[in-house]
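Should a chain be cited, it is by its letter among A, B and C, assigned in written order, with residues numbered from 1 in that chain.
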Amino acid sequence: MTGNEFQEDTPSLGDRLAAEALIVDLGAYEGPLDLLLTMSRTQKVDLRQISILDLARQYLAFVEQAKALRLELAADYLVMAAWLAFLKSRLLLPPDPSEAGPSGEELAAHLAFQLERLQAMREAAAQLMARDQLGRDFFARGMTSDVSRVRRITYTATLLDLMQGYARVRTHDDFRPFVLDRDAVMTMEQALERMRGLIGFAGDWTDLTSYLPEGWEIDPARRRSSTAATFAASLELAKEGHIDIRQSDTFAPIEIRRKSRPDA
Amino acid sequence: MPDTPEKSLFEAPPMAEQERMVEAILFATADPVPLSGLIDRMPHGCDPAEALALLRRRYEGRGVRLVKVGDAWTFRTAPDLGFLMQKETIETRKLSRAAIETLAIVAYHQPVTRAEIEEIRGVSVSRGTVDQLIELEWIRLGRRKMTPGRPVTFVVTQTFLDHFGLESARDLPGLKELRAAGLLDSRPPPGAAPLAGEEPDEEDADQSDMFGD
Amino acid sequence: MPDTPEKSLFEAPPMAEQERMVEAILFATADPVPLSGLIDRMPHGCDPAEALALLRRRYEGRGVRLVKVGDAWTFRTAPDLGFLMQKETIETRKLSRAAIETLAIVAYHQPVTRAEIEEIRGVSVSRGTVDQLIELEWIRLGRRKMTPGRPVTFVVTQTFLDHFGLESARDLPGLKELRAAGLLDSRPPPGAAPLAGEEPDEEDADQSDMFGD
């Protein structure tokens, strides 16, 4: 008990080693509260009887050491350090009645509560994970297609699908890299639809350009787009086996004709 | 069987225990289990054949029976109760992207007209999509809108809420919350920054309006 | 219930028969079946609740057990026989410490907001953590909180209860002790008084709802 005062000022070898270990393992802590909880264990008392003042000193010493070692501390750690320094001064100085706000004791009590609660949640989590678990300790029915009589299709989607779907539609406007809102654009689908209706009438080889929609051959932009679309559509039709394509020479007109089917 | 010559170092579990073991294994395994499979999995010295015989007798006349399929064993529901099983073979399929997006828009914007859905999605909504959602009982017709043409609106149903584990459509997170949860990865382009700043608020305002509280 | 006024035209099957029916239905399904599901599927006039009680007793100490999960029922193998089932074990994704703690906080503090989770853990909840728990279907969205901003809340699901062999959230280990110790109160930091005035009451109301006591 008497050694307590002494220890606070000159930490024992063990304390120093512990602090160094803390610094080395900083990455293992999930934020300042986690670190404080770990430090509080060295006091080896019930969390409700813990000395917040000691804890604040320990934490501040830790931050000082980390700074001396030029370790980068996340902002969280520095914010906590500033707050604990403030708390420490409030705890040490006699209360100033003119000062508004909660007393040092109230703040300290809340921090103790937070530590106790975090510790309790950790223990609860451990207890939870130690329970018998489905698929590990106990098992569900392995065979579920016991009877196959009525086959009904149900569609399913998860909440995550729904939320992601909504996020997708609500953000696609922001990200459309460019927009094909021009009227001088013909899509391959349009060309394909148009050609499907026309090829039935074309018995012999016909120049591809004669398939361009009326009025589209004059304006250069429209001609370019419709030619490309019609050409792509003719390739698609050839692939499907509806037409033959030929080109007699480089840059010569591309000609197409309906394929005569053996079964037709 | 203490009198067998090759008595193992460890006593085999009592027969009642072996019966429990066989019961659990057959219950949890997807395919019928051959006797050799039981022997492999049970502790040394067990006699699954006897346990099976006992188990079979235990389940006689029950709702499920222990049956032999080829040389393997499995539980089957009693044939006379087959009529109860009719709902068992349900084939589930994932909902299409178009349907999910349409559903999401109805959920977030209800009551919403077809034209509004198309406006938000940026593509026309096929008839089949809406029909499918209605058939699933996830959306239904709401009140007509008091705008020219008095278009019908769509709203989500109780079945929808049940399926997605929601207490009400109001509990769906807004854009801001989706973003915070990391569900909204995409960031608006730099140019659109001022708009993006306002958007979430507006969204929230929309939503509380929408659900009229 | 032969003395009910609206007695059906057909006599309900005898209780032993109803027990067989419940047994067959539950045996055939991997997922828990709610009482309402049993009522839907069984002939008119049946009382599955009583049949369930009988059935539960019948399977006591067997290799499989009848367990209650939320308001649904299912068969599960006895936990002491897990060692036999190793072949069936599906490798589950290892949960991070953050995910496990977040899960515990949702379970013990539900309905809980993201801000409250962060307050308890002292760090921000990383993207993906909540995601992962939703994807596992262990947590879902609850009712929005009636506090400024009306934040969304999270609650645990039936799948969670099933996975950890809990009949209800009330059966969470140590729940009573934690509550008695005041560790489940949402106690605002001193100085945050104006907001705190309303919140704790409502919180308590919500929570006793959730745990239904």
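In this text, a residue touches a chain if its C-beta (ideal position, glycine included) is under 8 Å from a C-beta of that chain, and two chains touch if they have at least 3 such contacts.
Since the structure is predicted, the reported quantities are computational estimates derived from the model, not experimental observations.
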Quiz item: So which chain is the furthest away from subunit C, centre to centre on CA atoms?
Solution: A
Quiz item: Measuring from the mean of all protein Cα atoms shown, which chain centre lies nearest?
Solution: B
Self-check item: Between subunit A and subunit B, centroid-to-centroid distance (C-alpha), Å
Solution: 23
Quiz item: Cα centroid separation between subunit A and subunit C, in whole Å?
Solution: 27
Quiz item: Distance from the CA centroid of subunit B to that of subunit C, rounded to the nearest Å?
Solution: 16
Practice problem: Mind pulling the residue numbers of subunit B that touch at least two other chains? | Solution: 24, 27-29, 75, 77, 85, 87-88, 165-166, 172-173, 183
Exercise. For subunit A, jot down the residues that touch at least 2 other chains.
Key: 139-142, 144, 146-147, 158-160
Practice problem: Going by the contact rule at the top, pick out the subunit A residues touching subunit B in the complex. | Solution: 139-175
Quiz item: Mind pulling up the subunit C residues that touch subunit A in the complex?
Solution: 27-31, 74-79, 82, 85, 88-90, 92, 97-98, 100-101, 103-105, 107-108, 119-123, 131, 134-135, 137, 140-141, 162-166, 172-174, 178, 181-183, 187, 189-191
Quiz item: Along subunit B, where are the residues that touch subunit C in the complex?
Solution: 19-25, 27-29, 41-42, 61-64, 75, 77-78, 81, 84-85, 87-88, 165-168, 170-173, 177, 180-183, 208
Quiz item: Mind pulling up the subunit A residues that touch subunit C in the complex?
Solution: 30-34, 76, 101-102, 106-107, 109-110, 113-114, 116-118, 120-125, 127-129, 131-142, 144, 146-147, 158-160
